[in-house]
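Shared chain: chain A. Partners: chain B in the first complex, chain C in the second.
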Partner chain A sequence: MRAVLSAMPAFLRESMATMFQYRGEILLWAIWGVVYPAVAMAMWSAAVAGAPGGHEIGGYAPRDFAAYFWLTMVIGHICTAWDVYELGYLVQSGKLSPKLLRPVLPVWQSLADNIAYKVVSLGVLVPIWVLIVLLTRPQFGIDRHAATFAVPAILMAAMINYLWCYNLAMVAFWVTRMEAIGQGWFGAGLFFGGRLAPLSIMPEPLQKIASALPFKWVVYFPCEMLMGRLSDRAIWTGLGNQLAWVAFGLVVFCVMWRMGVKRYSAVGA
Partner chain B sequence: MLRYLKLILLFTRVSVQDSAAYRTDFIAHVLVTLANFGAELVGLWTIFSNTRSLNGWGVFEMVALLGVFRMVSGLIGLTIAPNMRLIMDDIREGKLDFVILKPVNSQFFVSFRRVVVWRLADITLGILLVVIACVKMASSITAGHVFMFIAMLLAGGVIIYSFWLVLATLAFWLTRVNNMEMVFWNVFEAGRYPVDIYRPMIRRALTYIVPLAFITTFPAGALVGRTQLSGLALAVLFAVGSLAVASSFWRYGLRHYSGASA
Partner chain C sequence: MLRMAQIQVDQLSKTFKVPEREGGFAAAMKSLILRKYRQVQAVDRVSFQIDDGEIVGFLGPNGAGKTTTLKMLSGLLHPTSGQATVLGHVPWRREAAYLRRISMVMGQRSQLNWDLPAMDSFLVHMAVYRVDREEGRRTLDEMIELLDIGHVLGKQVRTLSLGERMKCEICVSLLHRPSVLFLDEPTLGLDLTMQDRIRGFIREYNRRYGATIILTSHYMADVTALCKRIVVIDHGHILFDGPLTSLSARLAPFKVISIDLQQDVNGYPFERMGEVLAREGRKIKLRVNKEDAAAVTSRLLADLAVLDLTIEDPPIEDVIRQVFAGGNTP
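This part shows the complex of A and B:
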């Protein structure tokens, strides 16, 4: 534990410097996080006009959709994780080996990279987010209660996404092609996290599947909470679900890491 | 003319032989394509379980649009993107000299030399969707519509090729244009839905700056009877114009190429 505490500041400094060097690429990756919700926003606002009644879909008027997808933009960014690709590369190339020799797990350095990316890209993203608010004038319904729980909810959301992305990434110890798995992860995150559409307006079978997956608690739950659409009871249940997914994720992480590293070393990388 | 056709066949055959050596790769890509396709259909299901139309586009019109989107996605991934990527790489590494030395028109060679075979899956699925949409809307689709559709598609293909060629030619001056491809695919996502759903300014940008509308909304619109002959004429003019501009820009860039031994 002491090793982690003393290593993290160094990792963070290094990651911030690296991410700053790659600011061109970062701009492009960050744009993806904006384009997708922006397109969804435009699409659902147009869909409202064709809906029975023509004013709203499932309790969402165009301004509500604007608010919802703006929130998915911000929260989606805060919860980004990409280790499902990164770890596969490290395992394949053998570059994981020097990292295994350190007194701290490689996951801590990946975490530093993750945080650095999120911080450095804020420079370009915050102006874009503000611009979108000014252009679309979304309607937020947030209340004080939801605001108090926003921070723990978002923190846990980020932890859930990072943890489970890393858990899936560890499949790289057994499988050579992670690309398809990675695409599957991101695709599922879009659907079942409520980034294509709020989960409440998705077809029933999909909602059931979403309830069994962690994605719902990463983006959809915090967004609904920050829009003031959840009752107090729903907020507490949601936070409990998030805690459960974090705990479950930690257990799976420990088990998979031990098994994975054993296999990695056995293959003689 | 025949010579060029024979060369295209040769390039295709070589690419097929190349990918035959990596069969698992091919199968993996096709499976991912099918999964993406399934996801897109589920997306359409989600939309139309909540609304009857998207800016006047009903469910089978959207199916047609998705089909066109898939087809064009496949076409770009099949020849346009890989060849343009190769141009940018060759320029950066100074290998373009080998292209210039070949006894064929350089623009022809760099545009057709590579074929990414598994993208045919995308094109096939797209055609399948378009056919399904046509069957379901058989009462309102005439032969005239189909003719306009094919013409629009061809015009759109030429326009998007010219667009990419201009981007690739920029590599003669700016070396780090590789990320352009990623930006393109990101913006291309907006073509999934008819461009009329966006604000006027964005709609214009997606028509004249990045010619997305010409390859997705307009061809699909032509099929379902939303385009007049004047729209088709405009597209054809635009196609011819953009091809002329892109080709002369390529020749201009080639003249300024300093080569590997500069």
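This part shows the complex of A and C:
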């Protein structure tokens, strides 16, 4: 652990320096993260206007949709992870080998890249987020409980997404190409995470499926909590679910990493 | 001085399972249902021991098993069978305490961040290996001086020439002063001056820090300049393990006979006795099979007026070249 503590600040500095080197690309990725929540926000606001009565859909008025999708935008950014592609590339190209020779697991460097991207892109995103708030006047319902648990809920959401994305990425030790698997993961995240529509307005069977998957606890749960739509009991249940997904993710990580590296070193590192 | 064995290898083997199929669309379709695999024995029960501070050259043709052996010893590959310890650790357990004491330079795989100046990678490396700040600074200054890379430290790695990059690769690998160093083709693709400089640096590192070094290379000059001992591998087997000086005697299947004649000789059938390597006036150099050397010598002495005759093993470069060409049999 001392090696990790010594390495992480250096990894973060290196990652940030790399991001500054490719600031144009970082800018485009960050903006892309804003586009689809903004599109969903516009579509649902238009849908409310066209709905019978023209006031709301499933308990969401236009300003509720604005708040909901604004939150998916922000939390989606905080929780984003792309290791399905990154680790797949490292395994396929053999570039993982020099990283395996270090006395620190490669996942730490990957985590530093992840954090560095989120921090560096804030410079672009914060003004955009403020502008969207000014334009759409979202209606948040943050109460005392939501404020208390917002930070742990969002931190655990980021951990769940990072861990499970990395766990899925480790399939690359057995499968050569990961692009389709990655796309499937991101598609499922959009749908079952409530990033295309709030889960509460989806059919009951889909809501049940979503509850059994990690995505709901990454975006939908913190969003609903910060909108003040969850009871105390629902908040505690949600936090418990998040904790369980983090713990389960860590166990799967340990098992898959051990097996994956053995596999990698069996077929030719 | 009593030397300790730093690397002990016992009956180490590695077999790869490789998918294969014939070319063409039909074979591609067939392989969807019926996938064929072939077992490739990359390393076959090799055993050796390397002492503290030794520089050992691993030689062999492409696919001989040199890099696979190095990867097993560095912990990158799990062996199929056999045992090995390096610095008292089982390499493929990849314990942090072990990884902190070794380094591997792979000519084809970079440890540097290509998007940033090399200096940034050096600093990250020192943090990852928890190198003491003062000591790290001193080591870095030494490396910069020995490798003459002071002027490239601020340049983005992807803009460096191959030689500059390789020197930076070697520098980053050594910043934590590893006790065991695995060098896989460290001079690959470099010009002669740069090869020479890298060799000089490796020799100096070994002298200064007493590091144990295993080196694979396709350049004979690397081996002859650095290694007193060599291990020749072919098809996963060790063909030879011993001093460089006795390689020719053991592996070369031929001898070189040089004769200096008293007078010109025309029409004598030298070609039937062996390969004529050179003929300059009355001086002739013949390459003959090892087992024929005595008979050929007797005949030459009987038939011709010989002023001088020598029988030698072929030059080490020729033997190594033959090993690389795969033309050698034990």
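Here is the rule we use: the second predicted complex is superposed on the first by the 268 of 269 C-alpha atoms of A that agree within 3 Å, B and C clash if a C-alpha of one lies under 4 Å from a C-alpha of the other, contacts with A are read in each partner's own complex, and residues count from 1 in each chain.
Just so we're on the same page, a contact is a pair of C-beta atoms (placed from the backbone, for glycine too) under 8 Å apart; a residue touches a chain by one contact, two chains touch by 3 or more.
Here the structure is a predicted model, which means the values were calculated and not measured.
Engineer: Would you sort A:Ser97 into first (chain B), second (chain C), both or neither based on which partner it touches?
Structural biologist: A:Ser97 sits against chain C, while chain B stays out of touch.
Engineer: Regarding the shared-chain residue A:Tyr22, is it in contact with chain B (first), chain C (second), both, or neither?
Structural biologist: Touch partner of A:Tyr22: chain C, not chain B.
Engineer: Just checking: does A:Val151 make contact with chain B only, chain C only, both, or neither of them? Give me first, second, both or neither.
Structural biologist: neither
Engineer: Could you look at A:Leu134 and tell me whether it touches chain B, chain C, both or neither (first, second, both, neither)?
Structural biologist: neither
Engineer: What is the contact status of A:Met1 with respect to chain B (first) and chain C (second): first, second, both, or neither?
Structural biologist: neither
Engineer: According to the stated criteria, A:Ala212 is in contact with first (chain B), second (chain C), both, or neither; which is it?
Structural biologist: After superposition on chain A, A:Ala212 lies in contact with neither partner.
Engineer: Residue numbers of chain C touching chain A in their complex, please.
Structural biologist: Touch residues, chain C against chain A: 16-17, 71, 74-78, 92, 94, 96-97, 99-100, 102-104, 106, 109-111, 113, 115-116, 120-121, 123-124, 126-130, 156.
Engineer: Chain A touches which residues of chain B in the complex?
Structural biologist: 24, 28, 31-32, 35-36, 39, 42-43, 45-47, 49-56, 176, 179, 182-183, 186-187, 189-190, 192-193, 196-199, 202
Engineer: Give every residue of chain A touching chain C within the complex, in rising order.
Structural biologist: 2-3, 6-7, 9-11, 13-14, 17-18, 21-22, 94-95, 97-98, 100-104, 261-262, 265-269
Engineer: Which stretch or stretches of chain A touch chain B in the complex?
Structural biologist: Answer in residue numbers: 24-25, 28, 31-32, 35-36, 39, 42-43, 45-52, 57-58, 177, 179-180, 183-184, 187, 191, 196-197, 201-203, 206.
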